[in-house]
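Both complexes below contain subunit A, partnered by subunit B and then by subunit C.
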Partner chain A sequence: MRQLKLRGVKALSRSHTASWELGRNSNPRQSVSPKEPRILTASLRAAALSSCWKHNNEEDKVSGRLGEPDLKSEIKGTGGCLTSSSMSWAQALLLARGISRGWRGICGATVMGAPFPQVPLQAPRGLHCSAAATAAGSSDSWLAPPPPEPQKGPTKALAFHEELFQRAPEGTRDKADFVRAVQNFGQHNVHKRGHVDFIYLALRKMREFGVERDLAVYNLLLDVFPKEVFRPRSIFQRMFIHYPRQQECGVAVLEQMENHGVMPNKETEFLLLQIFGRKSYPMLKFVRMKLWFSRFKNINPFPVPRDLPRDPVDLAKLGLRHMEPNLNATVTIYQMPSSTDSTGAADPAEPHIVGIQTPDQQAALAHHNPARPVFVEGPFSLWLRNKCVYYHILRADLLPPEEREVEEIPEEWNLYYPMQLHLDYGRSGWDDYEFDVHKVEEGPVFAICMAGAHDQATLAKWIQGLQETNPALAQIPVVFRLAGSTGELLAPSSGLEEPSPPPPEGQEEEEDDQQRQHQGQS
Partner chain B sequence: MAVSVLVSRRAVLVRASRALVAFATSRRLLRTSPPSRAFAKELFLGKIEKKEVFPFPEVSQDELNDINQFVGPVEKFFTEEVDSKRIDREGRIPDETLDKLKSLGLFGMQVPEEYGGLGFSNTMYARLGEIVGLDASIAVTLAAHQAIGLKGIILAGNKEQKAKYLPRLASGEHIAAFCLTEPSSGSDAASIKSRATLSEDKKHYILNGSKVWITNGGLANIFTVFAKTEVVDSDGSVKDKITAFIVERDFGGVTHGKPEDKLGIRGSNTCEVHFENTRVPIENVLGEVGGGFKVAMNILNSGRFSMGSTVAGMLKKLIEMTAAYACTRKQFNKNLSEFGLIQEKFALMAQKAYVMESMAYLTAGMLDQPGFPDCSIEAAMVKVFSSEGAWQCVSEALQILGGSGYMRDYPYERLLRDSRILLIFEGTNEILRMYIALTGLQHAGRILTARINELKRGNVTTVIETVGRRLRDSLGRTVDLGLTGKLGAVHPSVADSANKLEENVYYFGRTVETLLLRFGKTIVEEQMVLKRVANILINLYGMTAVLSRASRSIRVGIRNHDHEVLLANIFCAEAYYQNLFTLSQLDKYSPENLDEQIKKVSQQVLEKQAYICAHPLDRTS
Partner chain C sequence: MALVLRFLNGAYIFRHCPKPYASCPYLGTRFADYCSSSLQKPVAASGRTSSQRKSEGDLQGHHQREVALDIASPEEKPEVSFDKAIKDEIKDHFRRLKDDIVNHWIGPEGRPLHEVLMEQAKVVWQFRGKEDLDKWVVTSDKSIGGRSEVFLKMGKNNQSALLYGTLSSEVPKDGESGRSGYCAMISRIPRGPFEKKRAYDWSQFNTLYLRVRGDGRPWMVNIREDTDIIQRKNQMYSYFMFTRGGPYWQEVKIPFSKFFFSNQGRIRDAQYQLLLDKISSIGFTLADKVDGPFFLEIDFIGVFTDPAHTEEFAYENSPELNPRLFK
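Here is the complex of A and B:
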């Protein structure tokens, strides 16, 4: 409770310093020499950047395969900016310390309509501040608020808050329970003591209650903040972070909204205005969210639905459609899972097999030279939001240049106009825009499938099913090249004479038609 | 009674026209000059082949009298007896109307007279087309019969085939149909699925396959059918090639579906035709075995020019009808005809009719010249111009008529429905534009090969010459291709327009050269460029036609030639500015050219197969 003894500007500035030292494992209560903030700023900025970077990477891992630019990480970048932009304030603040001391005296007297005297308010601020500072051990604190570890007083409150949430019976946690918990907090705690901790706690509990995407609940949480109290009333309050811990908490609420893609609405704005005022960090965050959310909301050209289907067959259909840009492709369910129990897990004997094929792929397969094998490869992973599905492809090697048929225009083709001009000169250099396009040619992919099991027997059934629509496939040898583990791309093979090294648990086997038929029946 | 009079009159006419054709052929023998260079192709080189188009082709007074004698009864029949409304409503041409058409000889207009036809020249055929065009269903039925249905026999048939089939086709006893289109094959000959295989005794072909959208499919007895046959090439390999056959309905295995329900030309009979193990004797192969592609192309190319006069005939009638309405209907105490926006529409209709008439008769005259000149580009241009003009004019006419144009009680909506098919059949206008542009570019490309190769190699003199010419062009030179001036081909009243034409032609030639230099043979893929080339060419041809016709009219002193001068000048000025715009679009880096953006838009739309813009009421927050 040492902070409680601190008074006036000194406490103010110190607490601010502490709150900015999130990225640094230094004792916030150390006095800061005038030179230090500069270093501190730099280190903080680096920390903020690294956190952004880290998140970018993580997000990329998730969505990289889909080729979708990630929105969240972008927004996160702006969140990071918020942190870094606040850094310069640290310097300004320390420089202005002297001035503000004088100014405060005047201010305290002149600000009109200030409901409370300034001094008593310092106490809770300092208190919250210290809590936040202790809690903020890592630079990730902005992104996932860790449980604040308050000393003494708040601990009790926290335990009490936990109770609020635990009163709801297990298994039936829903929005109503959550709302009740929040309301109970308000009822039991008329003075809203410990509301910051409560909000942090509630934020962490949201997922359990399944309300992490509910805008109304976020607004309800913001409503927990006392109104008008934290609004800066003077230019200096505005200049220095007024009630930093509360502001931080407000930002954390917005941050969580952002992470779940919840767009704040007018009500949020109104609440923030009431709580923190126009010139505050939560408000800044809000404005930025408003700006960037709307910009990035529809930037993904390949949107994945927010709620993925639970049924594996539907999920597979979705994944296949997602990968195949051609809208004329047909999705075929070659095998429905034999028994789908309540958990959605299929009987391993009869896993689902869902495949996709476009008319073009069908035509390409029909024209495939039967002397050349086709390969079933996989499994490859595809991330759809937080779910990973695995797919297999049916593909062939690229034809060696000498075997490629030169596509020639038949002489008598078009009844109405010539399809080619008999001239011996082509396009001139300055109308050839393809000069710097480097193209890597790949062998054709004939079909894609997603199956419940990745073993050869299952995939043989897929091939068998494909034969119904692709009679040519019956003549073509099919080689199964299945990686035991998932995710790694096989090196492109260079034909039969140089088979790629067998993958760890993979089965590589060339089989003739009969064998496959046999397998298909088994 | 009337019929007998008509028939006897017809006999006289036939005799007269026979004499006339004999005269024409004798004249043809007299003038055995080398085949002259086609006019349109020379335009691609920036030249005007004056001999071809100036003066405007004339017919002799005797021939004209004959035509007029023949036209009279036909016109009378069409205006008084043909009930277009009923034909449209019932979806078929009444038998008595068909019989009358047959008795008038309209089923054998271009069949040589030794086979019992009228042996009309192209000009006379075009003239008759004007009247036939008064009812679109009849026009299409007749065109399907003789412009494409039996044309194959005239063009590619041997003596026996002609003697066997033409007389009965000419009399209308048999009706012909042209069977090319298949479900999988529109203009793509390679995807024709119908197949004819030689029977074991090598005396028959067994024909199997289905054809769709066959005009007269349900009426016809004689079909020109295109099917794939196996042909042994000169190098011994067996290839599938298209062969044309004359198939009689009596050969067996020929069935047809029920008539299609169409938007317009509802009186014409369009249906599917199926051939199932139809035995076609080998003497019924039209042309050579494996030569069907050329036969088909020739038939299609030869049939197009007549659309110009057919549409012009329809438009003339339409102008009469709408003008009567505009001069009687009063609004605000004024006749509609006094409003500027209505006047504008009449001027447009008159202008279009004038241009397409001029183009059609110019082309017909060129075709009638000795030496069988290849006028397929010109014919295609006539078709494109007249079909689009028809659609535009009928649409404007409906605008003049307001609500009554939209009502079934009036004939106008039928005209609108009927004229829509013109843009589609006999090769869609898009395809014909490709044909026009590519055929011309092929010609120009061959001739310019040497020059372009020198330019590409960087031959100093050629480069300097080209640069110098460009410099002179850009500094503004007056182009003189010799149309105007003293004793020029063009009358001074339209000399301004002639200068415009000359300038357009000259710069068109330059642009073609640049395009060939830029794209070479890959210009085939630049369809938007080709479309512009074709548009310019169509305009140039229209300008030439009206200039030639107006000049002749003034010089000969035709009635209302001052009106013609007005129309010619209006059209030439409009076409000139259109051409300038299009030429500037063909420049590299021209700001008028939005092709890249247009391609991108369509690519994005087609990728999603939908209109992809969000709804205007959508919000992000």
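Here is the complex of A and C:
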């Protein structure tokens, strides 16, 4: 019934002048005499509406359910009779026919809210054919129940206009298809019946078509609303929520925009103004979105671009730069993915290896005591927007306190020009901004890398690549601690997730390799 | 607006939580402050930061690795007798009351006044042992029927806390939830003797300091004030915390002037600054609509005074949205 009422409302709004001049006949079956000229013009106009509608329906019947675009444009020309003052000869013919038949139907339509052309015999068929295709699903009281919708694909019940979105089941659905579907709704259905449900459906379908972040598509969707109809005209209408269902729908569109981080623009504002007026909830939400989006636009100190690179090497470089705060760091690509086919899938035998290291880390590695091993740990996860990449690190354990080297302070040989000056600038007890806590101390990290595969062979290649810039690494035993990504750095005591044979083997292998390399080089 | 949520039905009052606490005193303070209520689905509640309600006694903080233990079966068997437990509890409360009175004479919170006044940096929560984990409650959208999981455990070498889990934004099919997918870690409200609610007083400080190590996901920090008043039940102040990811520790400094006000999960038009004298709890929420595993390692949480930060409040009210404030 709600559908009926909506249609009735829209029918009312569309034929506003017509019904007004017909005197809003309360008795639907009472015929209005066509003698009075005022009523005659009104009925002419109403009949023109009905004829256009009928024309549309017949065209629909002829061309099939959804019609081809070129036929649609034809209909558009004739459908414009609503707003255009002049009418073509075909319309005049239909008009003459309609006048003789249409009185009762019109009166009935304005009060009962049914679509206009009920009396013409072909019209119910045409109406229902198009109804099955477009809007009027619920049965009117005096019409035959509509034929069951032909279920083409899935067996579950389709939403009303879902077939509009099923035009291109083959291939990828893209923006053009979506736009076409939305426009088809408008063309099909001049009075925009069922637009609320259609908009909800379109919002649900946006993700499939990949247009959920496209502002133009949202504006197009807002354009589906009939304009000027839902604007409140008096203070009482402004006080109460005028057309609540439509306002809710408008808010839902804006809410989906907000969820996907789309900033509305002036066109959206104008559309909302036209549709709902300034004192409506969608307009209020728009103002709030403008305010808060602009406030929170740049609060991320580590911004990640919205369009992440597809190439895994570029993604790895982006991720490594994202993680490393030191801008002096150098990114090195140790191995490019070998295959170059169009799908971009890396050959599993040769995944990409990209590493990063800062000069400080290089120096620290050079000073590292070769007696202590360094560990390759990983993989740890890093999220860049909605993509997760994994990285490994090369780190060493913290030196126990007794082995930490103490900086030797050379003796001052001149007190007038001291080499070290420690002036305590703290004024008193209130100048202490340090936290009274032992910060977590961990061993130094020497390098980070991102590789296509997480196995020991790939990481061994990384280590070999690192050895070119860090020759000291040749002497240092490397232990591989590759775990599943539980997320945290492994504790040195409980860390060895892999069973003990591999690490010593790895160690031995590394040492052997290093010795061999040593021999090779020397 | 980033935390637009659905309307929280306020019928579920979280004060039910202390009642079972009082009624099962054998789970006294020596065992840890757990409520014995299990996971409950609150009435018509959904959304992301609705987990900021500390109503849930559904503690997902685990002592052991991946096994969800029921609280009533910790490592020791509860062999204590009921009477003895009650007596212990009463003695404990009286002891705390005595401490409280004595401390009042020494100074605020038992520290001498000059020390408190001149303090510029204070560590509020640190994670150095299991008892530090007990001060936090972990929730996720499992309470509304979602599929996210979240666990809290001690990190490497007992030096940090690790909050990890999986986020899933699959909407629960209960006919009323539109969105789902959130995980949160909330601190417990500090309690005095006889479970009287206390609050933190941070009025001397102006910045929140966190030392964390994340995985690149954006988190939300929520601060709640005293929520006994029914109008304040769902109000909180929030701001975003962006983690960098990577193996390095990250220092996050959020001045309190940046926190925006929200009620029932929606940013309000009338904004006022966060007043620091009665802070109940702080919480971290993850709800960034990306499914997948996550982790956050926290070293400690502190507050300090940033002398360079002079801003009082970052958001001005707009006359368009709130004309009443400008009359």
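As a convention for this text, the second predicted complex is superposed on the first by the 291 of 522 C-alpha atoms of A that agree within 3 Å, B and C clash if a C-alpha of one lies under 4 Å from a C-alpha of the other, contacts with A are read in each partner's own complex, and residues count from 1 in each chain.
Note that contacts are C-beta pairs under 8 Å (C-beta built on N, C-alpha and C of every residue); 3 or more make two chains touch, one makes a residue touch a chain.
Note that the coordinates shown come from a computational prediction; the quantities given were computed from them, not determined experimentally.
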item: First (subunit B), second (subunit C), both or neither touched by A:Arg207; value: neither
item: Contacts of A:Glu434 with subunit B and subunit C, given as first, second, both or neither; value: second
item: Contacts of A:Leu382 with subunit B and subunit C, given as first, second, both or neither; value: second
item: Which of subunit B and subunit C A:Ile448 touches, first, second, both or neither; value: second
item: Touched partner set for A:Pro325, first subunit B, second subunit C, both or neither; value: both
item: Contacts of A:Phe293 with subunit B and subunit C, given as first, second, both or neither; value: both
item: Residues of subunit A touched, compared between subunit B and subunit C (which is higher); value: C
item: Touching partner for A:Arg310 - first (subunit B), second (subunit C), both, neither; value: neither
item: Where subunit A meets both subunit C and subunit B, residue numbers; value: 293, 295, 325, 428, 430-431
item: Complex contact set, residues of subunit A against subunit B; value: 263, 265, 290, 293-295, 297-298, 325, 327, 410, 412-428, 430-431
item: Partner subunit C, residues of subunit A touching it in the complex; value: 255, 258-259, 284, 287-289, 291-293, 295-296, 299-302, 304, 319, 322-325, 380-386, 388, 391, 393, 395, 428-437, 439-442, 445, 448, 485-492
item: Subunit A-facing residues of subunit C, complex; value: 1-2, 4, 114, 117-123, 126, 155-157, 159-160, 162, 164, 209, 211, 215-218, 240, 242, 244-249, 267, 269, 289-290, 292-295, 297, 299-300, 302, 304-305, 315, 318, 320-321
item: Subunit B - residues contacting subunit A, complex; value: 180, 187-190, 241-242, 293-294, 296-297, 300, 427, 431-432, 434-435, 438-439, 441-442, 445-446, 449, 452-453, 456, 516-524, 588, 607-609, 614, 620-621
